[in-house]
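You will see two complexes here that share subunit A, one where it goes with subunit B and one where it goes with subunit C.
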Partner chain A sequence: MSEPVLKVRDLSVVLERNGRDFPVLDGVTFDIAPGEVLGLVGESGAGKSMTGIAIIDLLVPPLRRTSGTIALSGERLDQLSAKRMRRVRGKRIGFVFQDPMTSLNPVLSIGRQLTDTMRRHLPLTRGEARERAIAWLTRVGLANPPRVFAAAPHELSGGQRQRIVIALALCAEPDLLIADEPTTALDVSVQAHMLTLLRELHEETGTAMMLITHDLGVIAKMADRVAVFYAGRVIETAPTGRLIGAPLHPYTAGLMQATPAPDADGAMRVRAIPGAMPGIGALPPGCAFHPRCERAQAICREERPPLADAGGHDAACYFPLVEEVVS
Partner chain B sequence: MSLDDVLILNAVSKAYGGRASMIEKAFGRRPKGLQAVREVSFTIRKGEVMGLVGESGCGKSTIARMAAGLLAPTGGEIGRNAAMREQMIFQDPFSSLNPRWRVRDIVAEPIRTHRLRPKKAIDERVAELLRQVGLSPEDGAKFPQAFSGGQRQRISIARALAGEPDFLILDEPTSALDVSVQAQILDLLRGFQAELHLTSLFITHNLPVVRLMADRIGVVYLGELVELAPTETIFHRPRHPYTRLLIDAAPDLDATDRSLHPIPGDLPDPSDPPSGCVFRTRCPFANERCAAERPELRTVETGQVRCHYDLDLSQRAAA
Partner chain C sequence: MIAHTTERILQTVLVLLAISFIAFLLVATLGDPLTSLLPPDASIADRQDLIMRLGLDEPLLTRFLHFLNGMLHGDFGISYRTQDDIGPMIATRLPATIELAFASLLVTLFVGVPLGILCGVRPNGIISRGVMLVSIAGITLPNFVVGVLLIAIFSVHLGWFPSFGRGDTVQIGGWTTGLLTLSGWRAIILPAITLAAFQVTFVIRMLRTQLLEVGQSEHIRFARARGLSERRIWSTYAMRNALLPTITMLALQLGNVIAFSVVTEGVFAWPGIGSLFLQSIQAADVPVIAIYLIFVGAIFMIINLVVELIYPLVDPRLKRSGA
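Right, the complex of A and B next:
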């Protein structure tokens, strides 16, 4: 197997409050292979965005990384100086934030933002950058690229802005694209356009992708592999088909049942997981999911189940659901 | 209006804006304005859950606010059953609760306004409501900021139920929530619906959610009701091409079929809608007649559809 584009080992982040450290991410471990799309799922507050932010080293106090190695194509990002890390962001890792306005400068034209980004990272003349910017606007499916090039962000719709943010994240030809809920704020029809666009660009450029979402439908269509987050930890990883067809962790199964969907005979069903995910500083001992788990036994309340390896199908659970054969 | 009708919309329209600019005044021109809702008609009967779906900006919230009497239509009539009490649950659990009020006062407000309980019974009633929505009576002493999005939506539900409504209008009650909290809120609402025989208007752009909750569904596109039918008919035998495309656009949980189905084209500018059928610019079946003539809302089998062609879509695709 070739070297992973991204290799994250034992990543931990804490939140400091009144002189005490509370875990926000705890021992997060995963790989992303070249060209692979890894989906990160889990409910709100599970630590998905935090993982992305820790990878690009944008944590600010009271948040702090306490352990972990992060390697991009073999190079240790966690050991880079702040200055060298700035070059990695934007050039080697593109980031799409959930709110498009986070990535856009409200007072600069779209064209200026695209050409600035490209010229910062690629050896291009002004004219070449302009040409490429127009090509990117066409590529992300915007009608009338010269008009959009001259436009300010507020002159565009939410869907148009999200396309531009994707162009901005990809225009410096990064090795890895981190997309944080790129379609959550959009409705079904614009979402399907956006996912199609992301897929086309991914197929064209071969960029590996970390796709953060809490929508399992998006995962089913886009991800090759999935990491499920719960209370700051990865509790299951699997190839997408396996995860959806035969989840091992009761939490993953619960998340799927909580998504309204028709069952085999067409009747709609939804089943909520009782209770709520524990907040920061309120983690129970043992498995963080045990207070909400029907299968929990004594050991689950005492010892934290490990996640063995980051490659195959694995769950941090002492009593996983039986793996059924999926074709 | 029969005793069993809770709400009747008859060709209801809403135009926004339209204050004339200097130039328009000088030239005696009428301002452009925006036709957010155009001749929408439907009836909600006692005990039913009527769903409304459609893309962002199609006019769902405008219809909801008119149905709740919070906004006056600029055309058509709304008939209301005077014996029915209404409550509304809003899209945004963050701005719909007054941050300066304690939760117990928020929940008690409809009880006080409608004088539903004697003064000394109010505290007890509020505690009971908070328990019913999965919060604790002690939460009543806190302010809304102390709660997560899902908990705030529970507070909104408690407030709505406090008004002892016969008719509940829900505008995207779970859109701001993640799947797990959404499932809890949907469970809660379904429980109340069954227990209290509530009539509701349930608005969302999430198709699986509306399929779960509604008995009948209205599909809205660019301010027009393009199809109205029982829920399973909408999903199994949609008549309007837009309905079919909207259903297909939502990614399902099948990881073996990874195809995506965006609706072709873009939403037209709502202040300059297409002539004839509003959907024709994106419709794979559109022809000259669709550009020339606005289709009537016609009755077909169990529903209604605003399309010139009433072929079953499967037949049309095969033809």
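Right, the complex of A and C next:
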């Protein structure tokens, strides 16, 4: 088996408040194989973005990484100096932020932002950088690239800007693209275009991708594998088909029922999970999900279930759903 | 864009006309030029002669037009106090004021901007905290107190710099400069610092606030996520955003700076137009006061206009909107 592009082991991040540390991420572990798309899914506040930010080492106080190893093609990022890390960002890991309206510098032209980024990482002359920038603008499907090159962000629509953000993240040809909710801020018609674009670019470049979303529909369309986050932990991970076909963790199942889908009569049905995800510093003992779980037993309230390694479809649950089907 | 520019220039001209009219009304209604200008034993013929010469027998509007026309041709009227032409009076004092303003601008740029950037980029550093503490004094102490304190310390106590005047000057064409002599340089330092004290603290605080705010923004985080160097991020990506509000706020402070220049010139007996203004007020020399007001109004308006017209060069958001 080839070396994973990204290997995250036991990643923990805390939030410091009044001199005390509260866990935000706790023992997050996953791999991304070369060319693979891993989907990170979970409710708002589950720690998905935090995972992405921690990987590129851009956490700012009061947030801090306390443990974990992060390896990019075998190289330990968590041990790199700040200076070497700046060469990894943009060059080897591209990052797409959630909101294209605020991601671009409002007073610099699109061309300037692209060429600055490329020339930081690649040995290009001004002219070559310009040519490549125009090529990238074409590649992400923008009409009239020379005009866009000279434009300022405010002259462009949200969809156009998100295309540019994607070009900016990919223009130094990274091995891994982390896309944090790349479509949430866009309207529905544009969302589909953006996913298609990401899919195409992924297939063309072979870049591995970590796709953060809270939309299982996006996961189904894009991801090879999924990691489900709950309260700062990975609670289930599996190939997309298996996870959607037969989720093991009650939370994953609940999440799927909470996604609007037409039932037999064609009516849209949503069944929300009762209760709310515990916030930072309010984690219950045992399984973080037990207060909302119909299947919870005594052990769930006392002991935290580990993410069992069960050959590709793992769940952190003492009473996973499949058993029910089997028995 | 061009339409916008012309419109703004026209607006400026209109405002200047209004200022001129108010100043003219001051001259026309306050004080009596005849008693000010004529000796007490002047004959009726002398009086009549002066009335004709000043055009006092004509209607107000005609006199205003004469007044405007005169100004356009460099005739600014006569001082009641010295009976000299006001034009040359201002012209001989203008270099002193301009050199002082220029020197204080240099202080602002070379002290205020670097310190502002430092405080914005490293807000928790020892130096930043010290600068912020001292800058409270710059904001709260009145201008003349700063001047008097500087004089007490550096002129009276240490004897390093003179406490008044502009030292030896050199005449170059129509311009008297103090910047070519050692005593001139020594003389300008304290007034320049006094005049700059407010601007420096203002620039430091503005830049700091702006940079702190921009530093938190999503697009700076994205720039970091693309691996751009910290130097590039601060010097271009953050500074460009921080500069515009700073320039705007500074331009709005111009009125303060002009007022402070009068105070500073008064404190240091600096022979510029600010101290001329003070003398004229004391002597109720209305024509000089009026011309000074027009002059200051013109400078104020022109600087505002220039600042506004260069905005689009700094901020592309304003380039094509045309509004």
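Here is the rule we go by: the second predicted complex is superposed on the first by the 312 of 327 C-alpha atoms of A that agree within 3 Å, B and C clash if a C-alpha of one lies under 4 Å from a C-alpha of the other, contacts with A are read in each partner's own complex, and residues count from 1 in each chain.
Rule of thumb we're sticking to: a contact is a pair of C-beta atoms (placed from the backbone, for glycine too) under 8 Å apart; a residue touches a chain by one contact, two chains touch by 3 or more.
The model shown is predicted, which means the values in this text are computed figures rather than measured ones.
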| item | value |
| --- | --- |
| Clash or fit (per the criteria above) of subunit B with subunit C on subunit A | fit |
| First (subunit B), second (subunit C), both or neither touched by A:224 | neither |
| Touching partner for A:36 - first (subunit B), second (subunit C), both, neither | neither |
| Partner chain in contact with A:21 - subunit B first, subunit C second, else both or neither | neither |
| Touching partner for A:128 - first (subunit B), second (subunit C), both, neither | neither |
| Residue contacts on subunit A - larger count, subunit B or subunit C | B |
| Contacts of A:117 with subunit B and subunit C, given as first, second, both or neither | second |
| Which of subunit B and subunit C A:78 touches, first, second, both or neither | neither |
| Partner chain(s) touched by A:271 [first = subunit B, second = subunit C, both, neither] | first |
| Closest Cα approach, subunit C to subunit B, once both complexes are overlaid on chain A (Å) | 9 |
| Residues of subunit A defined as touching subunit C within the complex | 56, 58, 86-91, 94-95, 97, 99, 102-109, 116-117, 120-121, 152, 154-155, 165, 168-169, 172 |
| In the complex, subunit C residues that touch subunit A | 217-229, 232, 236-237, 240-241, 244, 314-317, 319-320 |
| Complex contact set, residues of subunit A against subunit B | 43-44, 143, 158, 186-193, 195-196, 199, 214-222, 240-241, 244-245, 254-262, 266, 268-273, 276-277 |
| Complex interface listing, subunit B residues touching subunit A | 55-56, 148-150, 177-184, 186-187, 205-209, 211-212, 232, 236, 245-246, 249-256, 258-263, 266-267 |
